[in-house]
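Per-chain residue numbering starts at 1, and chain names A, B and C are given in the order in which the chains are listed.
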């Protein structure tokens, strides 16, 4: 079961060049993402209505997608507009199409009711295209685990000490409490570490004269639109009150898109507002994060195998799971509402 | 569901040397094909009746097959005729056997009612062993698609323009109509292209002084005994009326044998009646066809994956599918008749 | 269905070093075998009770196992004794634990009712740690076949002629009868070959002046605790009556532990009471046996695939299968008794 009435990232915009077709499974549906010769992105069912050939084995022909088996051509609404050897086109000659929008360097797809596909509902990741931010684009990950296991990981800062021993862990992390806040659509987990030595990673990004105030904020808009806010500022300069002076800030959009019930795609980047022209810094941030992400996937994929092996085996909820539980409840409600046919209110603008 | 009361090609005759055993799955049954020391071919169930060891791990012992685990020996009727350490042979000590005939360089097997296994029903592929024809033997293909998807491909000439862009395609092909003929057991699709430039492939086989009349004839006897007749003759010399003067003719037997519901074996060859002693020509024909066949398998295997992923998803029938539809109807009738217990009339001789 | 109230070999003792964790599937349950820093072996369910992370991705922390995701720690009873960030430990915070005993160079696990786990029931393999025996330790085998197919193989000496053509086979073997003996918990198959030429293998171990009396004894305590006794002595010196003078004797413990219904682990060794300091002899015995074992696994795995493909297909019992049938009946009774809740009598000491 998935939330359908939301914008999911289907691909990085630059994965789909003009005239090219990219097949991808999203929410258990096989989709092609393509870009016409004029540059418009499109999204269609990856199966020709004639003989079930995958359209991903076809080609982009001008503004149309042409099946590679018998040459049927489809426009962006999924309507067949050309059949070789045949004048009349039967009304059933069409494939499913999906609303698609290009924004924040991503292609966003709407897998639910097309009538509700308001582009104003696309999560905001402004740091992806403002000149005062530089982007370390993350690698595209296909994680063999349910998308909620990835969400759990982002919402649970306590794993850092155990999973990321060689990368992000700092023992003092566990001494500071985490504050959970939730709305009817979002959850955030905030930890402030006041007057602590800077982490090796933050130190490598900027020289700090002494101790720092360090923050870890994970914000998620359901079902799986994450924005992480991570940083340090010299202690006593007012960071907890909102002043970020001589600070290191990294904003990290993390969009998790279900592939199936037991796998998902993760699209992420790390955006920084310092050393903007430093290409070595851009690459360093990418590499350091890559290692940590891989540590997470190893654990998540092992969890999924265990859950698959014994799906009825209960899990035990601990105090540290407050954010995890809150997000899962919201998603359950959203799915129940969709099943009951309730629409998403138009005025409910999502801010990831 | 398969038609069972028909002769299927089980193997090329030269795949099974004297004293050797070849395991192969045919119509969902695991079979061994073997040849005794005296040269007679045999076909048995690939499972010993004693402890289920595969007979394909055994050996040919004279005229018998000997199990590799405990040494039981079976004759060509499947009867156990020797048990080590034991005089008496229980009547249940036997494995299933299948009628098998060697003809046209193939081993033909009958998977249905043995009482109906009349060798006179074997499809005729005379070009395989007449001195006026030279044979480019095709590679043995194991295609991961239902055998009817392969039949569809042979009966549908329109795919040539899209699938075989780099090999067989000629744009003018689509300008000429196809004529479908059917009997209660066979379908043929015929296309004549009158006064057209010779195709690059036909030109490479023979110098033509000018335009040609070109033909593509696909004939199939149900369920899947194909014979293709492909060629060109100088235009105006009477080819459409049956005179083939200075012509290039290639006859191509194509026998499709189901392995399972989602895979099949394809046995094919290309026989030509010109340049008989030209071994380079024999190899050229083989290579050119090999490339085209592989283009087809890529598409067919992708179709099968799509169908497996959503078996209930309907297909759309177009005008170009008349032959496809006709053959599928015949096969449905044959299967229904077999289920109803109706025998194949003995006098119904098949000519592929 | 497995017999559960018995000691199975879970691992070679030296597979589990201090501070290390070994994951293994036993009787369809995923288990970790580990050794604390002080050297005590332990066995726990390979799944954290919190979020299903495999404990095999964790670490040994002193005498405890620490989960690699969130740092929960478990003692050898499976009780959680430490949760980071949380004082109170809920009573449900525990994982399944298994009795484990180190003996005869093996780690023995009890997968049944822990109240019945009497170490006195561990099969006796004294040749594994007496100074008058030297051990050729076998390789650990993971055989993709039901454990009873391996038992069948050990109880059926007739396969040697066919499966081990290049290694153990001697044609005269089949001329001598096999005697079967059984108790309510064990079966043994004994063959004496009187006044025969020594086998190439036995000749290579010791020079015999002439013919020998040769024996093959397979003893099994249900469900799958095997001890093989193989040897030769000069003929006429009284070996059949129990005197082993100038003999070659190899005792071979063979412990078969089910992994799933269609796979098992085989732990075996070959112990000899001659040429004790001859390391080349130790290795020669290991290598010669290794080849023969592999011939068996090839056949057993092929059997399993055949059985999986058609589980309802009946098998045919022959006279040579008396031991096989007897052991299978005992195992059926044991499983029926366990299902009925009958305990294993405490005084029923097993001697393998």
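As a convention for this text, a contact is a pair of C-beta atoms (placed from the backbone, for glycine too) under 8 Å apart; a residue touches a chain by one contact, two chains touch by 3 or more.
Worth saying up front: this structure is predicted, and the values here are computed from it rather than measured.
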For the C-alpha superposition of chain A onto chain B, the rotation angle in degrees, rounded to the nearest 5, equals 120
Residue numbers at the chain A-chain C contact, same meaning over half shared and different meaning under half, come out as different
Per the C-alpha centroid definition, the whole-Å distance linking chain A and chain C comes out as 50
Where chain C touches two or more other chains at once, the residues are none
The residues of chain B that touch chain A in their complex are 152, 156, 158-159, 161-163, 174, 298-299, 302-303, 305-307, 309-310, 313, 315-316, 318-320
In the complex, the residues of chain A that touch chain B are 30, 46-47, 49-54, 57, 66-71, 83-86, 90, 92-93
